[in-house]
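There's a structure below that I have some questions on.
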């Protein structure tokens, strides 16, 4: 009681008023300058080329600002909350507070249960063993994408059992009465093992796609699209997207080896799209505050067992820690897509230098 | 001066940098999981039924984040500011910072004057005596709704005179030159008396509706709509909505009794819509950190003195305080709407469990 | 180490948990109530008059909330970040976090380099010598406006060399492959000299307008528009807007004199629009916490050397500091626009009282 009075006196005496709060503010400001190029001569004919010198946000980690806090409930229990929002440092855009994550969690010896908008258990480990430090330079082509942080999510995260951890998430499909588009729900789980130099993870995610291909990037991104004859109209009202991934890394000290293997399956009217995707990488700490990495990734898309498209990607990245919270980085990545029985290819390249500041 | 230096030294010595600020961050994260059901057989025929298992935000109190601060101006005067924003924890949506309230206030012995976006004086006491803890389980059907936090508001809040307080708010109708939709303004006042176990309040609000029925929920919510033959087209350019409420509670110790009575009147082309609305409730503290409540509410809509529709609602709710800042809750509510001379009814039910965390 | 422990003990002992953070929150809440009137009898005929009693935000300074922080990188270097967002206190609107500014900066003896969304070097000194305290009452008509805080900006700010400072900014035109509208980029610089009572600044800005006149307010604001026969369709795909300003102030002690002179040039199909714009002002500190100001401004628009339109503006403003962080203010301004060879004029007037609170 007396100490408290002293503290208050000290606080009162300081020139500026001081906010007392159970809330922490944190975030990342990450901005880069670079050049992206897109070349396309699929189907033959003249090559289309577009090159852009640009500034971007989140080359190393997504720029964000967050609010979080914790309350001791006694008996080993805690109440947590987190509200985290994306910010495009280069070109701020309309904001939804909590669009990255917004949840209340109850934590204890049993682990933690979280309710709200949240990352799926699949997404939690998706990038853990990605090459090139899981950055914008990561070589990792994929056919469909997946829903990474759905609304209305219930998630359980286990404590660590001798290095083993697990998590399960389920995102409610709230509008079952509505056919098709809105009736999506997402189930995911992961199991991971981290012990000294070894890190391994398995992750699974199954989601209803309905007739809304945007949910899996079928419309504009990824491999599928105009060239393989599959369109949104081919999506079944009951279409499901399944991803299964196993990944791991081993730290040799002089270098860290990383690999991922993912199988994705999307059911459409009249057949199944399957994509086999793998990546390799190596990260080398060349000095106390400098690391360089290199990586390769490939995705192969089949329809009903027949090859239709392939994507190959490679990249390099390096970072230099200016301090505990500020890092300069540079990197290069390239992805090339070809279609079976079609001449030509499409190629995306990016090189960039940037700086990331954590607060 | 010396103390100040000590305080700064102490602060400088602490490992982490510490933000010195005149701003406090506060908020509520409230999320629930439950089931809502809508049944409708108005006009006879087959019953339409839709049931949704869902996660929601703000079952007990609206989830929000806010920034506020105060400055001593000397002479008993203070400058206050507050910027408070809604957050949908379950499904974050595009955000307008300050959409709940955003004002500057000058406070002193005379009370406080606030300028900005703000709750009306009617809204300030609207829920004070609502049953079931003024939550999503409150049994309180109403015909029209009202504007609760208009833009461009000037508000005066009195100090307490032996338990009596009052407030007046006026929200500027800024676009008088524009006919109809935009020319709304809102006037409201309240008088309240709080003394020991007794709490009583009177509140009044009058607002121009113009031809914009959305302002009073005429289009999609409330009782009126397709079944009573009143549509947006019936709104007079000079249509006004008036609400008058008297409400109170008495705390017996073993239980608290609550009641509200509200008269709402909406003028439309060719007649007046009047709604008489009342509620009753009881709240029982069954343990130091557990309370249960029950409530009933009814609204009766008349057009030119003739009954046209009736809504009846009842509900239960309970909370369990896990700590000072975290509360678990559960509740049930049901609202049934019937129309005079029309067979059948529409029924909304909700049951949910949730957790509210204040930060 | 010991001190740190004491600090932590003091902090731990205080009743409320205290967020330790490397982030500062700051902002301005500024709200006014006033009357704006628009009168128009250009071309003769009946006078159109519209008068609005209204509440507004940012009469003295734009209302905002911001987050910023700094990290010592050692060796005289610092990493800075800032994320600042506009808030309309009177009528909150959809928010883009960082819409005022969002950048990472690296600062040292060389000055500071900032990357992100940012104010141009022209804008940095644009208002430095505006009359009436660079407020909503500033008398300063202008023909075109300019882009004040573009996305994708690289900015360098020099240190002070005996009172001299300078800054350069370049905002990337990211979409060069797209013809016209999106292919804008902005280059700006300033040189300023501040020494005792003297303050002088030169500023230059050149920006591609493309066919998107909204970028320079050609569609709805400023002088040009329907009355001078120049429309968006007259914009060249390569249209450029150039602004060159010289401005200064001299503080006599009993009064401060201010002046600005700006030349703006906009190229359109078939000719050049040129605007010569100047302002004068005086600010008088009548008491320790009271200042009054008066100002006059004029803009003359020529097309291919011929006069086409003229705007004249004058205004008064005064502020009264209630405290270090809270200021009451009042002001009046009037702008009158006439077109050569056309009878009549358009006149905007505003008078308002307000309060500004800095936090």
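Quick notes on this one:
For clarity, chains are labelled A, B and C in written order, and residue numbers in each chain start from 1.
Throughout what follows, a contact is a pair of C-beta atoms (placed from the backbone, for glycine too) under 8 Å apart; a residue touches a chain by one contact, two chains touch by 3 or more.
This is a predicted model, so every value here is computed, not measured.
By the residue-number overlap criterion, the interface of subunit A with subunit C counts as different, with under half of its numbers used by both chains.
When the CA atoms of subunit A are superposed on subunit B, the rotation angle comes to 120 degrees (nearest 5). For this pair, subunit A with subunit C, the centres built from the Cα atoms lie 38 Å apart. Residue positions of subunit B touching 2 or more other chains, listed in rising order: 10-11, 18-23, 25, 69, 71, 85, 94-95. Of all residues in subunit A, only 9-11, 13-23, 25, 67, 69, 71-74, 77, 79, 81, 83, 85, 94-99, 102-104, 106, 115-117, 151-154, 172, 174-177 touch subunit B in the complex they form. Chain contact summary for the complex, subunit B toward subunit A: residues 3-4, 6-8, 10-11, 18-27, 29-31, 33, 50-55, 65, 69, 71, 85, 87-95, 322-326, 355, 357, 359.
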